[in-house]
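Presented below are the structures under discussion, each in the form of structure tokens.
Note that chain A is present in both complexes that follow, paired respectively with chain B and with chain C.
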Partner chain A sequence: MLSYVVRRLATAALILLGASFLVYLLTASSGDPLADLRASNAPNRQQLMDARSQLLDLDTPAPLRYFKWLGGAAQCLVPFAGNCDLGKSVTGQPITEALGIALIQTLTLVTGATVLAILIGITLGIVTALRQYSALDYGVTFMAFLFFSLPIFWVAVLLKEFGAIGFNNFLRNPVIPLPVSLGTGIVLGVVVAVAVGGEIKRRLISGGVVFALVTAVMVYLSATLWFKTPGLGPVVIGIAGVGMAFAVTTLVSGLKNRKALQSSLIMAGLGVISWFVIQPLLAQATGLMIFLLAIGTVLVGVGVGYLMGGYDRGQSMRAAGITAFLVGGLVVMDRFMQAWPTYFNNSRVRGRPIATIGAGTPNLQGDYWILTIDTFTHLILPTVALILVSLASYTRFTRSSMLEIMNMDYIRTARAKGLSERAVIMGHAFRNALIPLATIVAFDIGALIGGAVITESVFSVHGMGFLFLDGITHIDPNPVMGVFLCVAITAMVFNLVADLAYSALDPRVRIKA
Partner chain B sequence: MRFGRISQAVGVLAIATLALSACAGNTGSPSSSSGGAQEGGTIGVAETNGFSSFNSGTADGNSDVNGHIGYATHSNFLYIDDKLNIVKNEKFGKYEKLSDDPLTVKYTVNEGVKWSDGTQVSAADLLLTWASGSAYYDDANPEKKTGTTYFLTAADTSGLHLTDFPEIGSDNRSITLKYSKPFADWELALGFAGNGGIDIPAHVVAQKAGLKDAQALVDLFKSVKRGDPAAPKPVNAQLKKVADFWSTGFDSKTLPSDPSLFLSNGPYIVKDVVAEQSLTLVRNKDYNWGPTPHADEIVVRTIGGAPAQVQALKNGEVDIINPQASADTVEQIKALDGVQLLQGKQLSYDHLDLNYSGPFADKDVRTAFMLTVPRKDIVDKIIKKIDPEATPLDSQIFVPAQAAYADSVKNNGSSAYQDVNIDKAKQLLAGKTPTIRIMYNKDNPNRVDAFSLIRESATKAGFKIVDGGLGKADWSAHLGDGSYDATIFGWINSGVGVTGTPQIFKTGGGSNFNGLSDPDADKLMDELIVTTDKAKQDELQTKIDAAIWSTSYGLPLFQSPDVKAYSDQITGVTAMPNQTGVWWNVWDWARK
Partner chain C sequence: MSQPTQEEVILAQQAQHEAAPGPGAENQGLSQGQIVRKRFFGHSGALVGLAVFALIFIMAFTSVGFAGIPGWWKYNHVDVSPLINDGVPSASLWPLAWGEHPFGQDRIGRDLFAMTMRGAQQSIIIMVIIGGIAGLIGAVVGGLAGYFRGWTEAILMRLTDVIIIVPVLLLAAVVAQMANRRDADSWFAGFAASNGVVVLGIFLGLVSWVGLARLVRGEFLTLREREFVDAARISGASNARIIFKHILPNAVGVLIVNVTLTMSAAILLETALSYLGVGVKSPDTSLGLLISQNQEAFATRPWLFWYPGLFIVAICLSINFIGDGLRDAFDPRQKKFRAKKAVETVRHSSETAPAVPAASGPAPAGDTTPNSDPGEG
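Up next is the complex of A and B:
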């Protein structure tokens, strides 16, 4: 095992060296860095050309320049020495500093999107696999491929037009016209009727209920101008909490495990109580506090599950823990909604909260809630755009993997011995279906650092992709090499991690050292 | 398969959405309020590039956005207005020509003009500006690779290089420059006009370079002799330290923790910078030595693409945009409510140059070729989509924004080339069918269009046109190498100043790629660069313009259009062709 890792790392280092040499030469010979000045009619044309030649060290041939660069880059290997020198860009900025800024921008943009895309993609993949060849399966597949094949710059521009500009205009007077409420109700009702499966009667009833509920909620939201002063309140949290308790228990242990259900319901109740208790504390919130509260909430849930006991204590603990986390999330979401009017009316926001560019409102001041809402309003559109286009691969991958597993012999055995369908899916199929996903998720993390070049440029986020493109347009190898190093190293490390994880997850795969 | 019909339906729906999104213009935007300008408030401006340096005069800091921030945070003896006139700012200080021969200019900063740390703007600051912009100390010889270039400036040093070491006034607020020969652009010589002028504080540079104070810096400048590239001396370590700090010490993508690195002596001061995202300017509270600003705060947002700028304007995130001009951008802006579109012309222009060699050595062939160039069609095809009022450019030297353009155009001979005249061209060719290779940047669609139109028309007169288009990375390296007979590319008129003229048109000029050598024009240009009087300069330039046209040089084609837009919630924004752009009157911007 160890020798395998060492061998892989050694090959990785050699590949990195060779690839960096190639990339450097390709970038350096991709054009003429003086092209614009050659055609210039500025009286100091020669002086400017000399200055740029000096800055980019153009008198040294590119292969030699690579070794100069390598000399600086090699110092990065010495830990804590702080001599890391990846050169400077055309504007004189050290690449190490530029990479620091770009990496943060890219990570804030793509992390959330990737995590959500994985979660949603896997869920959809499982559901479509279980309802293979149903209308739902075809619908999801079609939508996934549709979004996959849409150009992201166009999706992004549409999102800005309707999601930001249109929605902001709507917020000035958030009244939903009745036809829109009815229309949304009908659409969602039809979707649910198609999705639930089963007999026609069951479908009609489910669809009808959803239609009525959605329309009623939308009419209510419109009549109370909810979007101006949104909020959930203890009642909604209570109802949603009970719903969540049932849903989580169904998935984790099945409703037959009464102790687990009771633990979950207790957590829903505690959630409502905590809503009243915790408000003064939340007024002083910081990011760390929310994080600690989340951990505390889960621990309380686990504790309640433990105390409830029952024949399978573990299941109760898990169900209660997850429910606690979700209900806690509702309480926090409610607090964000309470802060919304303050944010909305802030003089910096000028009543147009959803942003089309950047990562934050400049000079915005406020507490944790205001600043976090600001981050959300800036990230929501790029995140949605990225999720839409990357959903397809996760959905399809999970679906096929799940289908393969569901046709395995051991699944038939599990059913034959009388296990409930829930236990078969959650306990036997689902986990094994996730194994192949470990590989694509690891690959995607490598790609994630490389940045979402187009999304970045449409939403004016100057991340890794921008740095890379900017280097290419200025025929400046230094930024390109900086980005290349980061991406290449992450990709290689995560490839290795994927291989190791695969062998750890799937006992059939063994690493031969 | 069940799939078919549904997928078709959704496909049609998707295409319909696509089509609709193209028309989704008027879904409402901020309602316009009437009324005049008011004091205070915040104004958002979009910039294409990210801010990177508080010294916009250096070779690596000389980007558009750095120049704009430099302009808003610093003062100068003059600024350039949207009619391309020089406007003196006598509240800051005055410059006066003491004598014409030798040309002697005295610069005096008014008392009470201060950096934002309270230090008076002094002779030391003027001296540093002079030292960095004169290449006085440089003894670098690029051919032999000897000597040193101290200050890495982006400014043209040819003017100040003619001066001796300045005389410092006894009040310590003035310097006097004496030129060894008259210099036409003397008014623009000191300070990088359009970028801020007197923008780097000497006392800060002195301290950062390890000197005691500004006086020590002045003494250092005095102690070092003029550099001579023919006889390079060893590097002066202390001066190099000063110059290096000047060249790179003010580069920063974020707000430095040391406030001395972003001192202001202009209407605004930088308050905050978020790297590659935004920059915030607030009023410089001491400032009373120039036009008074209205807005309290200006937020500069970095937005790269033109569509993103338009959408940010629509969503109220910025109030002023200056996107790259294209027909689509103009359409998008026109579709917005509550937004004013400003259409103007940039100082850059496309032109067709004919080599004075090869098949074009014969003047009649050049003239014949010029007669075939369909300039009006080119403008119609390329520019009218963006600017319906566009016309061909009729001067080799002036642009319409300059007062002298109209007079020059009347007599420079351009009238003969208003319309295509194939018959006359055929007559001049007298049966010859010269083969002409036209070189241009084939990655630039405008140049490709211009080439196609010229080829079509010239072929009718009997020219055989060879397509010599090259990729965007290659074409400029071939300028002047004789591998082509004609070329289509762009130049930038300097707007103010005349030293750009000999650079292009003088025998052996640095950008004279087609080998023009006209003794009369050369003589006029020799006179021009030592003429210090504006009216006389215009007169000479008008003569030069006519002389160039009469040699059948080639043709100016059109000026690039310029597109700006601003929300009608603000006032005071005007079109400005030069690199300062809308920022030229930043003090007039106000919220309604």
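Up next is the complex of A and C:
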């Protein structure tokens, strides 16, 4: 095992050396770094050219320059020495510093999108696998292929036009026309009717209920101008909390486990009470506090589940913990909505909240809520675009993995010994279907650091992809090398992690040491 | 150097499944090619994809002409003609009309239909070149590594690892720079100046074979351990004969399917590179370049943005569907006809045993049936 890891790491280091040499030479030979100065008419042209030659050490031939660079980069391997030197960019900024800034930008952009895409993709994949060859399956398959075929820059421009400009115009006078309400209701009703499965009558009833509910809610939102002053309030939180308690219990333990259901319902009730109690505390919120509160909430849920017990204490704890987290999320969301009018009328935002470019409104002043909303409104379009294009592979992969598992003998055994369909799917099929996904997710996390070059350039986010592209256009090897190193190292490490995780999760796969 | 990567494990499992005899309908003495063809033409999505792609292909190559042969459309992608009706598209579905400029005109009066067709041509050319080169190199490298193992495999696979982590964007930028150098002192600059698209396609093909090579290697690794290969070797067949007569025909399914998928990814890659300014350059045009040039004009001339984008999506989508159909056709585990069988079996079993618990939700059709396939289970 250990010798396997060591051997893999040694190979990776050799590959990295070869590839980095190649990348350095390619970047250096891709053009003339002084081209813009040669074309300029500035009187001190020669001095500028000399200064840049000096800064980038252009008098040394590129292969030798690589080894100089390698000498600096090798110092990064010494821990805590602090003399890590990856060179400087054309503007004279140290690469280590630029990388730090870009990494934060990229991670805020890509992390949320990746997590959401994985969650939605797995859910869709499982649902379509369970409803194989149904209208829903065909619909989702077609959508997956469609999204898979979309160029992201095209999606981005469409999103900017309809998601940002259109929605901002709508927010000026948030009245939803009746046909739109009816249309949305019909579409969602049909989707639910198709997704539910079973007899026609059951489908029609579910679809009809959803249609009526959605249309009524939209008419209500329009009539009260809800989008001007959004909010949930304790009543909505209470109703939604009870609904979540039932849904979570159904998935985690089945409604037959009364103790689990009761602990979840207790958490929904506690959530409503906490809404009243916690408001003054939330007024002075910070990111750390919200994080601690989230952990505390889950712990309270797990504690309640433990105290309630039941024939399977673990199930109660899990159900209550998840419900607590979701209801807590609703309370926080309500607080964000309370801050919305202030943000909306801010002089910097001027009533057009959904931003099309950048990572934040410049010079925006405000408390935690205002600033976080600002980040969200800037992130929403790139996130949606990234989710759309990366959703397809997760959906297809989960679906095929789940289908394969559902045809296994042990699933038949589980059914034969009389387990409920829920227990078969959640307990036996779902967990095993996730094993091959673990490797895909590990690969994607490895690729995450590289950022999304095109998304970043369309939405003007100055992350890793932007740094890389900028380095290429200015024929500046140092930023390119910096980004390349980060990406390649994470990719290789996560490749190794993926292989190790696979053999840990699936005992049939053995690593030959 | 025998590291069981995940691909190999999956392929090994696949091989186990493949070893099982197929369902009854396919045991009627059909050859492998006939079975595959029959399955492919039974896949409606793939057929629609094929039809759409053929339509776009014919339209793109006949309308504005290709390689000096004139087409039937009256404009080409560089002609400037006076603006008619401010360049609004004249094509309409109702009443069905084609008109002077069906997709409209851009700001200076170039015909968008001609530009889109030219762009589609370029994208298809690049796609085919990438698919061909990547398929060839991938098959050779993967096949050699998988068959001979040992040092050949170690060297070839480390080479693959190096190329797989070099960013494609960088290579494209280098190619773009070299093609742009108009000093014409080398044959390369001259060739690149006249055939920019071909050069771009060749270079992208030279870097996109790596995924294919890994898959083909995995396939060869499992196939070379099979009994029929042992039998061939014992009866004195040469390496070349074993590879070409015994292993390659069995690995060709994986190769074809993944070349198709590489091609659909290649279309998006080309458009993305052109969008970033390192792919196809003006005055020539491509679908990605058209979108990049016109995205600012979305508010005033949205058609400049819609038509090239729709063509990218249509080409890519049809290729993806063809690839999906091929995968179903080549993969014996994906049984297209199981759905009907499953429904019938459900019906049958619910007649004999009506007390299906309704409370836990009706079981999905494909899952509850005992596997009707004699080979599995």
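Quick note on the criterion: the second predicted complex is superposed on the first by the 494 of 513 C-alpha atoms of A that agree within 3 Å, B and C clash if a C-alpha of one lies under 4 Å from a C-alpha of the other, contacts with A are read in each partner's own complex, and residues count from 1 in each chain.
We adopt the following convention: a residue touches a chain if its C-beta (ideal position, glycine included) is under 8 Å from a C-beta of that chain, and two chains touch if they have at least 3 such contacts.
None of these values were measured; they are calculated from a predicted model.
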Touching partner for A:R45 - first (chain B), second (chain C), both, neither: first
Contacts of A:F148 with chain B and chain C, given as first, second, both or neither: second
First (chain B), second (chain C), both or neither touched by A:G31: both
Contacts of A:V115 with chain B and chain C, given as first, second, both or neither: neither
First, second, both or neither for A:F459, with chain B first and chain C second: first
Touching partner for A:R415 - first (chain B), second (chain C), both, neither: second
Which superposed partner A:L55 touches (first chain B, second chain C, both, neither): first
Chain B versus chain C as contact partner of A:V157, first or second or both or neither: both
Overlapping contact positions on chain A, where the chain C interface meets the chain B interface: 30-31, 146, 150, 154, 157, 161, 457
Chain C-facing residues of chain A, complex: 4, 8, 11, 14-16, 18-19, 22-23, 26-27, 29-31, 130-134, 145-146, 148-154, 157, 161, 197-199, 403-404, 406-407, 409, 411-412, 415, 420-422, 436, 439, 450, 453-454, 457, 468-469, 472-473, 480, 484, 487-488, 491-492, 498-499, 502, 508-512
Complex interface listing, chain C residues touching chain A: 2-6, 9-10, 158, 161-162, 165-167, 169-171, 173-174, 177-178, 264, 268, 271-272, 275-276, 278, 288, 291-292, 295, 298-299, 305, 309, 312-313, 316-317, 320-321, 324, 333, 339, 360-368, 370-371, 376-377
Residue ranges of chain A in contact with chain B within the complex: 30-32, 34-36, 38-48, 50-52, 54-55, 90-93, 97-98, 101-102, 105, 138, 142, 146, 150, 154, 157-158, 160-162, 164-166, 168-169, 348, 350, 352, 354-360, 362-363, 457-460, 462, 466, 475
Complex contact set, residues of chain B against chain A: 2-3, 6-7, 10, 14, 17-18, 21, 24, 27-29, 42, 50, 52-53, 58-61, 63, 142, 149, 152, 154-158, 248, 251, 253, 271-272, 274-278, 280, 297, 299, 301-305, 307-308, 311-312, 314-317, 472-477, 479, 489-492, 499-500, 503-504, 510-511
